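Heads up, there are several structures right after this.
Two complexes follow with subunit A in common, the first pairing it with subunit B and the second with subunit C.
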Partner chain A sequence: MWYLTAEEEAHAAEALSSGGFFAEWAGVMLVLPFVAFLLIVFFGKRMRRHGAEFAIGALAVNLVWSSVLFFQNAVEGIHREVSWVVGEIGVFGGDRLVFELGWVVDGLSIMMFWLVSFVGLLVFVYAVGYMHGDVRVTAFFAAFSLFAGAMLVLVGAPNLVQLIIGWEGVGLASYLLIGHYWEDLDNVRAANKAFLVNKVADVGLILGAVVLGFTLGTFRFSELSVAAFDHSPELAGVAVAAGLLLFFGAMGKSAQFPLHIWLPDAMAGPTPVSALMHAATMVTAGVYLMGRAFPLFEYLASDTRGLMVAIGAITLFAAGLLALVQDDIKKVLAYSTVSQLGYMMTAVAAGGYTAGLFHLFTHAFFKALLFLGAGAVIHAVHSNNMSDMGGLRHYMPRTHWTFVVGSLSLAGIFPLAGFWSKDEILATLGYEGYTTVMWIGIAGAFVTAFYMARAVALTFWGSYKGHGHPHEAPAVMTVPLIGLAIPSIFAGFLNVPGVELGPIRNFTAWLGARVVPMGDHHAESVDWALAAVGLAAALTGLVLGWLVFSPDADTQRARDRFRIPVLYPLLEAKYFLDHIAWAIVNATKGPLARLVDWTNSYVIDGVVNAAGFLSAALARFVYGGLDQRGIDLAYNGLSQMADAAGMAARRLQTGRVQQYAAGFVVGALVLVLMIAVFR
Partner chain B sequence: MILPQFLILAAALFSLGVYGLLVRRNAVMVLLAVELMLAAVNINLVAFEAALRTSQAVGQVFAIFVITVAAAEVGIGLAIVLMIFRNRQSANVDEFDLMKW
Partner chain C sequence: MQIDWLAIAPEIVVAVTILGVLAADLVLPRPLKYWTATLAVVGLTLAVVPLILMAASSVETRSLFEGSYVVDDFALVLKGLFLIAGYLVVLMSVSYIESDRYYQGEYYLLLLSSVLGSLVIASARDLIVLFIGVELTTGPLFMLAGWRKGDIRSNEASLKFFILGVLSTAILLWGMAMLYGVSGEVRFDQIRSALADPSPAAQPLVGLAILFVLVGFAFKVSAVPFHFWAPDTYEGAPTPVTAYLSVSSKAAGFVALFVTVYVALRDRVDIWGPGLWALAALSMTIGNLAALRQSNIVRLLAYSSIAQAGFMLVPFAAASVAGEQLAEGLAATVVYLVIYALMNLGAFAVVIQGARRTGTGDIDGWAGLGRIDPRLGVLAAVFFFSLAGIPPLAGWFAKFVMFRAAIAAGSAAATSLAVIAAINAVIALYYYARVAKVVWFDEAPAGAEPATEPPAASLALTLGIAAVATVVVGVFPAVFAVFGEATRVLLASG
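Entry: the complex of A and B
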């Protein structure tokens, strides 16, 4: 850990450019997908491609825009924040707490802008082919646009409130997309499960935001970072609690053990959804949040690290094992994602800001590639199960080769992207002193290679076991595969330790363009010994997986040998976590419901009834006492007086003409007299 | 000019009319008393005209009006009396109290 003096700090912030026009108006990127969403909703059905044009157009503009920012940031480093106050509340002590919307443009958010736009665009294009002829293409693309837009709002958020808005928007869109085929009850259940598990974790995020907001008097990340960097005493008091709450929120979205149970079920959605969700838009949100709040963990809440690293390590290994026994190819990839998220979370939690987010960056390419490849396979054989596949390399050569590239990259084979990012995580863990966890990571690399070898062997090698004649996917689907295979191979070179790529520097520098220095460790050069160990583990996994599952002679017996007695059933049952979660829900929902019912019957109803009785009594008093006795009395008295006066006056009217005439005469005489007297 | 004498005559005549109006019980006599009062007024009008000599002889003209109206009034009044008499076999104003409450 190192500190800057105030002068150096000012210098560090001044060294960052404000980015010019594209950073000033970066909010356009946040709004465009929502515009596309509205256009799709209102005009999508009339379009030739059912609205996909709008979604693709919005992301294409975003890709250009974010590429410009990406390049600017690579050369000079950008930090720009634009916020508008949209509301405020008073808090205890008379301070005001403002709610703002806007965008932050710095190394981290630019990386995410670009990633969401790039992967999103390719997946959207792919989805045009994949969803061709689907029942609800328009609704699909509308929700897809919403998904990308919500993620951009999330990653562009300059404060916790906007981040939560995007966070929930992502949750909503994922709910809609996972339940896209809602005719099947299982898919609806999967969508509900994803939504509810995420909600559990969201409580942590919201509480964390409240704690931080009320402590600092602002929700801004930049002020949070500066306060953490300055070791602000009031922030230090709540740092551990707030850090754990934020981490709990991140555990839900980023599917950390034991809250990962929603992610494999989320495979119920169409495959492009899985690709986008696992690569760029959904599960990365938790890691992104940890990266965004990194100064808090780096400078103040370092006590939380042990727990977070442990959860990440459990996730990366336990989920990797689960991927070994899945027959559904998408579930293999889903557990693989959980495992890789474990790597990212472990790295960020251990203090490896760049390492964790670099793995997020490379992982997005090859995981999207693998999902899209799996989608092409599913599209061809009309089944998710690898037991219905096999031998597809003969029918789908392009899909096969790109899938192999993705698998090797994921397994961490030199010199593909996954090798460099995984190696950086292992090196960070070693440097920060988490040696045990580093070895778990190496074991995880072995498991990763093993299940990817299994997936490739069962899907593309051996003989075809399904029905019909599979055929290569159309170009609209294979071009995105190739577009993702290229960065899956080369992206790793962006961040080889100690290597700068001329004027555009390297990934570490790009990501480090933040309001305060991140303070994480950067190795001067590659630790080739560690890299060799990691690579050896991966190669061993690949070879063993290949030997066990390769389609050569006696395959079935080899697979039976793989069925280790206790472990295999445990894995098939997914560690019984679903049962445990279900048991917890079942055990708590009864008492909870009874408690709520009791509260409702006695407390709330009591208050309501008391209010009712009070108002009835008041009304009775007003009617009987005031109205009937008071006001009516006055009016009756007045009318009776008028009646009596009339009765008295009518006696003057006798009907005798001469009496009236006498009245005239007397009146006239009186008048004459008065004139005579008073003139 | 002998205006005061005319005025005294008119006042006496008017007073007789008032007296008759108030004390006679026969409706026809009451109507006659009213005619006396109107005649007194006419004497006054003509006498003042003669005394003041207005250029347009307002007094005389007005007196002719009064005579005309009086003729109409007596016509209607006698018709009413006639109808009451037919219905009630009496022309006694004391007994006409139909218009009370």
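Entry: the complex of A and C
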């Protein structure tokens, strides 16, 4: 076990508690979902609920455990690290580089533990209803448990190596879950796309880990943070490169433009998977990584900020526009997630550690709520398309009510959770001097409100356009909706600038329990002018969206076909990103590419073919010529004597043995001659 | 004379087992003949016990019969290998032999005799004892190769093996006689001191004697150009016998080579070193290239085993040519030998079961075997990829120590041998992977049904032991590296 050294302890922003029993043994939370996974694999089929019991049980224990930690951290702040050395390698210069596993318990990881457990538990319960009667329920819950477990390993990682293990585990589990309905080739393709796009980004993460590990001699985040805080000269030399590599890794998992293309396709998985993936696990991993490595960006790699903010801003606006034109309700939500991740990434990149992660926190509630609501709707009408829905508020009142809460929260309407977190991001951008980006963010708020108004209007208002009679979802599905609606309303009050909630203080203080101070700016009070502008943008979007899409059912679809020249086709084609990829492939027909092609066909293929031909010819020669008949050539005389002596039939047998024997003797003689001559 | 009974206990146990099998074969009625196999298995298992006792005891070296017979760590490791290989071959044989309706008792009698011979080789430190050991190892195999008397190809296999075997024995004996002639001694340590300072007139004779001995052993390890017998004999002999030939008999040849050149002829490395270099380079290259064009699985393994013998000679030859790191080279070759024995026995067990499933020894006839019998398909992939040296299977470690030793030796000749070995390792991958490709990717013939009946229990046990060892050693190679280290004792004296 490993503890902070006294020197490192001295860096801690304030005296932090070591957390006692629950922090010391926090690793239990990391292991439980894997235990559940094994239990499901071995016994799941025999259980009444096909193994969901184990998955839910594990997360329920985790929720209790992380709630205790959450409360402890809220009151006094916790920092605790436990690591085991599992292996070590020598690196240049004789140093040893150790690989460790363990867990870190501090403000950031406790928030994530709790979020994954809470949202995960509600989604698991919901999935019991949603997946009822599915063909592979057991496999589904096994992979689901794996998903949550890998995410916990990731967020509990005290070092980059364990983080990568969790990171890849999340990637694997998401691959299994996206491809859950593998009978349909499109779903398999979606799973492959998600996996491959993530792999591209993972190269950045792994290279970043290598650069940092070899520079610092350790993979630990705590030592990385301390080195960054102390402006260590070795680290300063590689900080920008390492920062950009880590950011590139984060871009993949957190779906930043242009690596976001996998996320909408990932909707192919069952809806609870989308809910969990978009709320607490998977896509938050990139933002989490940025938060975990925040001291590197804050103290040393601030040169990377411009680029990162730009990418975040493009993501938040471009993806928001895409959500406007989707017919598939899950795709509306998917592009909305990409857009919100853009907000988070922009905030963290601009130096708003608390702002970005607070939005991650609130977003998890209302996005999970919206996905589960969408799942309930899809379950009822058996279609993903909003053109098959409409008027569902009469059939599914509870789903409708909670969906509206989630939409308002996402749109940033006062005083719901989304309002506070989005306002904090805008305030941070303003404070850090990214005024243009702040206005993009405000425009994004308008777009967000607009597409959510459209989604609510098309789904729940007007008249029903689908087939059959939709019914309200069972209680096992609506209770989680209500469970998520409550924090979607109230979570924002946890971090109103300048307000402390008695002994449990506020979100900023919770998240600040790290090994070094994060150094981000915290406003003293709410900037009401900015809040009013943001709210006005959201309300305008809401009202406009409502006016366009809510009126009578007959014109609804007509209005949905309302096309703005240039912009609409651009959005319809998803900014032609797929076409651009194809264009790159097709560019191989250009003159330069023709040269490459020519080289490939004639030079490289020629060499390969020639090598293959030569090997084959040589092999034929050796086997046919030397091995089987070569002795004939050298000892024709000998075998002719044998031929003459023996009958034709016997020649095949005894002749060959004689040849062998001749070869044997000649081999010995050649050996003797060789040694005699060359010695 | 004081005799250390524990030192020769393994040989005694095997000899008693041979007599027991002979007696049992006489008295047992035909339906109960399978007891001879059980007896052989029990005997080979019991013979391991004294080996363990000796390994655990504090006595480093047990020297018997005035130094003609020595049991040290080197001998213990290799005796262990011979016993385990013999054990696996007996297990492999049980169902194969039973299905043939020949005399089972004789089979195990001959097999055990050959095992006894190889045990003697590992301890022999004297020309006469060594010669007896070598002949006791090979003699029974002439008969075993022709064991299926009704099969003309088995007869052919036996006859070719016999004729060339006798020729090689003649050359070996000639070389030994010349060695005795120039030195006047039969014990290795005395030959060594006698050869240290020979008269100038005897110099050519010494060179000739050493090379003739080398040729005699090169036949046993089927090194090119003394390999001609191997493909024909392997193809015609019963498959378990082929497995034995390619593993135990080959290993016995290597051990005889080690004790002779390292103990008796160590100072004349200038003569046998280049000879080994040539044998290694030729065996790898010719063996691999010929294997590329084989369509019969057993012939493929025959050429593969010739090429593998070349690989095994690499560290040994590289160290000898460079005149450095002799112990390193020996350890690497022994590790390679042990790993090769396990994976090659596994491969032959797969061949036996595969031939039974598909009814053919043609590689193309194995198309789709992975779908007909997935477990067998996986095992085929494991052993053939291991032979190719793909991690994490044991073969990679064998190749790794081989290259490490060859490069550590350092001279230009040693490095060039490593380069030849590297090229050959790539060529070999092609034909090993082809087997896996045919088994897994080619379409099964129409009408083939998934296999239902499991393999015979004894064969399944062989497959299991070999597969577990192959995987475990690949993942934890340190398990076997100690065996290589232990054998360095052979070079420790003087």
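We adopt the following convention: the second predicted complex is superposed on the first by the 560 of 679 C-alpha atoms of A that agree within 3 Å, B and C clash if a C-alpha of one lies under 4 Å from a C-alpha of the other, contacts with A are read in each partner's own complex, and residues count from 1 in each chain.
One rule holds in what follows: a residue touches a chain if its C-beta (ideal position, glycine included) is under 8 Å from a C-beta of that chain, and two chains touch if they have at least 3 such contacts.
Because the structure is a prediction, the values reported are computed rather than measured.
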item	value
Partner chain in contact with A:Gly468 - subunit B first, subunit C second, else both or neither	neither
Comparison of subunit B and subunit C by subunit A residues contacted	C
Which superposed partner A:Gly133 touches (first subunit B, second subunit C, both, neither)	neither
First, second, both or neither for A:Ala619, with subunit B first and subunit C second	second
Which superposed partner A:Pro503 touches (first subunit B, second subunit C, both, neither)	neither
Partner chain(s) touched by A:Ala676 [first = subunit B, second = subunit C, both, neither]	second
Touching partner for A:Gly663 - first (subunit B), second (subunit C), both, neither	second
Residues of subunit A contacting subunit B in one complex and subunit C in the other	653, 656-657, 661, 665
Subunit B to subunit A touching residues, read off their complex	18, 21-22, 30, 93-94, 96-101
Footprint of subunit A on subunit C - complex, ascending	156, 159-160, 163-164, 167-168, 171, 204, 207-208, 211-212, 214-215, 219, 224-226, 228-229, 232, 270-271, 274-275, 278, 285-286, 289-290, 292-293, 427
Subunit B-facing residues of subunit A, complex	650, 653-658, 661-662, 665
Subunit A to subunit C touching residues, read off their complex	615-616, 618-620, 622-624, 626-627, 631, 653, 656-657, 659-661, 663-668, 670-672, 674-676, 678-679
